[in-house]
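For reference, the structure discussed in these notes is given below.
Labels run A, B, C and D following the written order; every chain starts at residue 1.
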Amino acid sequence: MAQIFEHTIKVLFQHCDPAGIVFYPRYFEMVNQTVEEWHEVGLKHSFSQMHLDSGYGVPTVSIGAEFTAPSKMGDVLSWSLIVTKLGRTSAHLHIEARCRDELRMTATPVLVSVHMETGRPVPWSDEIRHRMQQYLAPSE
Amino acid sequence: MAQIFEHTIKVLFQHCDPAGIVFYPRYFEMVNQTVEEWHEVGLKHSFSQMHLDSGYGVPTVSIGAEFTAPSKMGDVLSWSLIVTKLGRTSAHLHIEARCRDELRMTATPVLVSVHMETGRPVPWSDEIRHRMQQYLAPSE
Amino acid sequence: MAQIFEHTIKVLFQHCDPAGIVFYPRYFEMVNQTVEEWHEVGLKHSFSQMHLDSGYGVPTVSIGAEFTAPSKMGDVLSWSLIVTKLGRTSAHLHIEARCRDELRMTATPVLVSVHMETGRPVPWSDEIRHRMQQYLAPSE
Amino acid sequence: MAQIFEHTIKVLFQHCDPAGIVFYPRYFEMVNQTVEEWHEVGLKHSFSQMHLDSGYGVPTVSIGAEFTAPSKMGDVLSWSLIVTKLGRTSAHLHIEARCRDELRMTATPVLVSVHMETGRPVPWSDEIRHRMQQYLAPSE
C-alpha cells in the first residue's frame, strides 16, 4: 500500500485576490511548498540540503491543475501527495487540496532531477528512489 | 485569420529563485497578467471595469503548463495568446512565452465567465464574444 | 507585564532570491502573516471575521524595517510581536524575527482601524482595545 | 541639479488584496523593480550583469515606507527615485509613487554594495559612484 504525504496550509490574507478567494498562482506556491515539505519530511532530503549541498535540483517541467471550488481566507487546506509514476530521472505526482472534505484543487506536477550547473537530468539516487517508491500508488 | 494578442514582460529579480531562474508560480502571475492585458487592450474590457463595475469575473477553472526552457533575470519574454475554443460561458486559451525565438513555456488556461456574487456561470455578452472570436484560431 | 505574541515561520524556497536568501518583500508578507495570526490567536478576532463579517480592516499606514542578517532556505524564524503605542484608532507594533537567537529583522508597522466602505478611521472596539492592551509594552 | 529617475508600473489584479487595493508587500516588489530599472537604465549596470557577472549585489539593509493613499487595479503609478545620501559602500534613496498627482507611497531604502560570496561591503566602483551622483539631491 502506498503512503500518502499529508500536511496543512492555512489560507492567509496574502493568498487572496479582490474577489476574496485564493488567487490561483498562490495555489502553485502551496503546491511547491507541499513538494518541499515532502522532500524534507517524507524523503528526508530537504531542499536546502539538495540545492546548497548536493548541487542538484528538482525543477517542475510540466503541471496540470484543476480548481474545483474556491478557497477563502481562514480555510485550512489539507494537502495530500502521492507518486503516480517514477522514472529514472523524473517523478509524476498527484496532489490534492481539500477543506472539510470538499476538493478545492488538484495538481499533477512532473519533477525532473537535474544537476544544477549543467541543467542535465541525473538519475535519482538509490536512497531517494527507495523513499519515493513508498509513495508510489499501485497502477490500476 | 485569427488575431494573436502579444505583449512583453521582462524577467525581474523578484521572479527568480535560488537557482537564478524564473520560479514557476511567477510564470502563472505572468500568464494572469497576459490575460488581464488582453482583456484591457484586446477585448477593450478591463479587469477593473469588469470586477468593480460589471460585477462579474473570469476565474481560471483549469490550466496546463509546460516549462520547456528556463528564463533568467533580464530576459524579455514575448507573450502570445489565442483562443482555441469559445463556449457559451467559457474560453480555452493557448498562451506562449518566447525569448529570442526560444520557447520558454506554454499555458492552456480555461476561463469561465461568472457572476461574482452568486459564483454562477453567465454567458459572455455579445460584445465580448464578438471580440473574443477575433482571437479564435481556426480548428484544424 | 506585557505579553509577547510569538509564532514561527519556516523559510521556504519561494521566499528566496537568486542570492539564496530571503527577498525582503517576502519578509513583509511574513510580517503581515504575524499580524494576522496575532489577530486570530492573540486578539481572538480573525482577519476573515473582521473583513467579511464586521466590514472593517486594519491597513498598515507606515512601516519601518531593518534587515540585520540574511535568512536562508530551511531557517525557522521565531517571530515576536508587542504593541508599543495604542491610540484611539491606531496601534504601533514592534515585530522581530530571530533564528537561533540571531536577530534577522525588525519591523515597526503602524496599523489603523478603518471602516472598509468609507475608508475612515474608526475607534477600536472596547473588546479589541482590552486585548491589545495585554500586548502593550510599558513605556520606559 | 539632480536628475530624477522615473518609470511607471500599472497596478494589476495580482497586486490587490481582498479589500481591492494594493497589498503593501507588493509595493515593496514595485520599489525593488524601481531600483532594478534604475540600475539598468539610469546606472547602465543591470542586476543580471551585477549578480551573474560581477559577483556583487546591493541588498536593502533598511527601509521606511508610508502609504498615504490606496491604489486600485488599473491605476498607473508614476515612480520617481533620487539619491539622498551617497556613502562609500551605501546609498540612501527616496522613492515616491504617484497616480494623477496624488501621492500614494514613499519609501526610503538604504542599499549597501556587497561582495556576494563574502557578504562584505565593498566600495562602489568609480563608474557607478559617478553615475549615482547624477541622481544625488543637493542637501538643504
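Here are a few things to note about the model shown:
The rule is short, and it goes like this: a residue touches a chain if its C-beta (ideal position, glycine included) is under 8 Å from a C-beta of that chain, and two chains touch if they have at least 3 such contacts.
Molecules present, by chain and UniProt name: A, B, C, D = Acyl-CoA thioesterase.
It should be emphasised that the depicted structure is a prediction, and the values quoted were computed from it without experimental measurement.
Touching chain A and chain B at once are the following chains: C, D.
At the interface between chain B and chain C, over half of the residue numbers involved are used by both copies, so each side presents largely the same positions.
Centroid distances from chain A, each centroid being the mean of CA atoms, peak for D.
Centre to centre, using the average C-alpha position, chain B and chain D are separated by 29 Å. Between chain B and chain C the centroid-to-centroid distance comes to 34 Å (mean Cα coordinates, whole Å). Averaging Cα coordinates per chain places chain C and chain D 24 Å apart. Along chain B, residues 13-14, 18-20, 23, 25, 29, 32, 51, 73 each make contact with two or more other chains. Chain-to-chain contact here is organised exhaustively, every possible pair of chains being in touch. Of all residues in chain D, only 12-14, 20, 29, 32-33, 36, 40, 46-48, 51-52, 72-74 touch chain B in the complex they form.
Those residues of chain B that touch chain A in the shared complex are 18-19, 21, 23-26, 28-29, 32, 51, 57, 59-67, 70, 116, 119. Residues 13-14, 16-20, 23, 25, 73 of chain C are the ones touching chain B in the complex.
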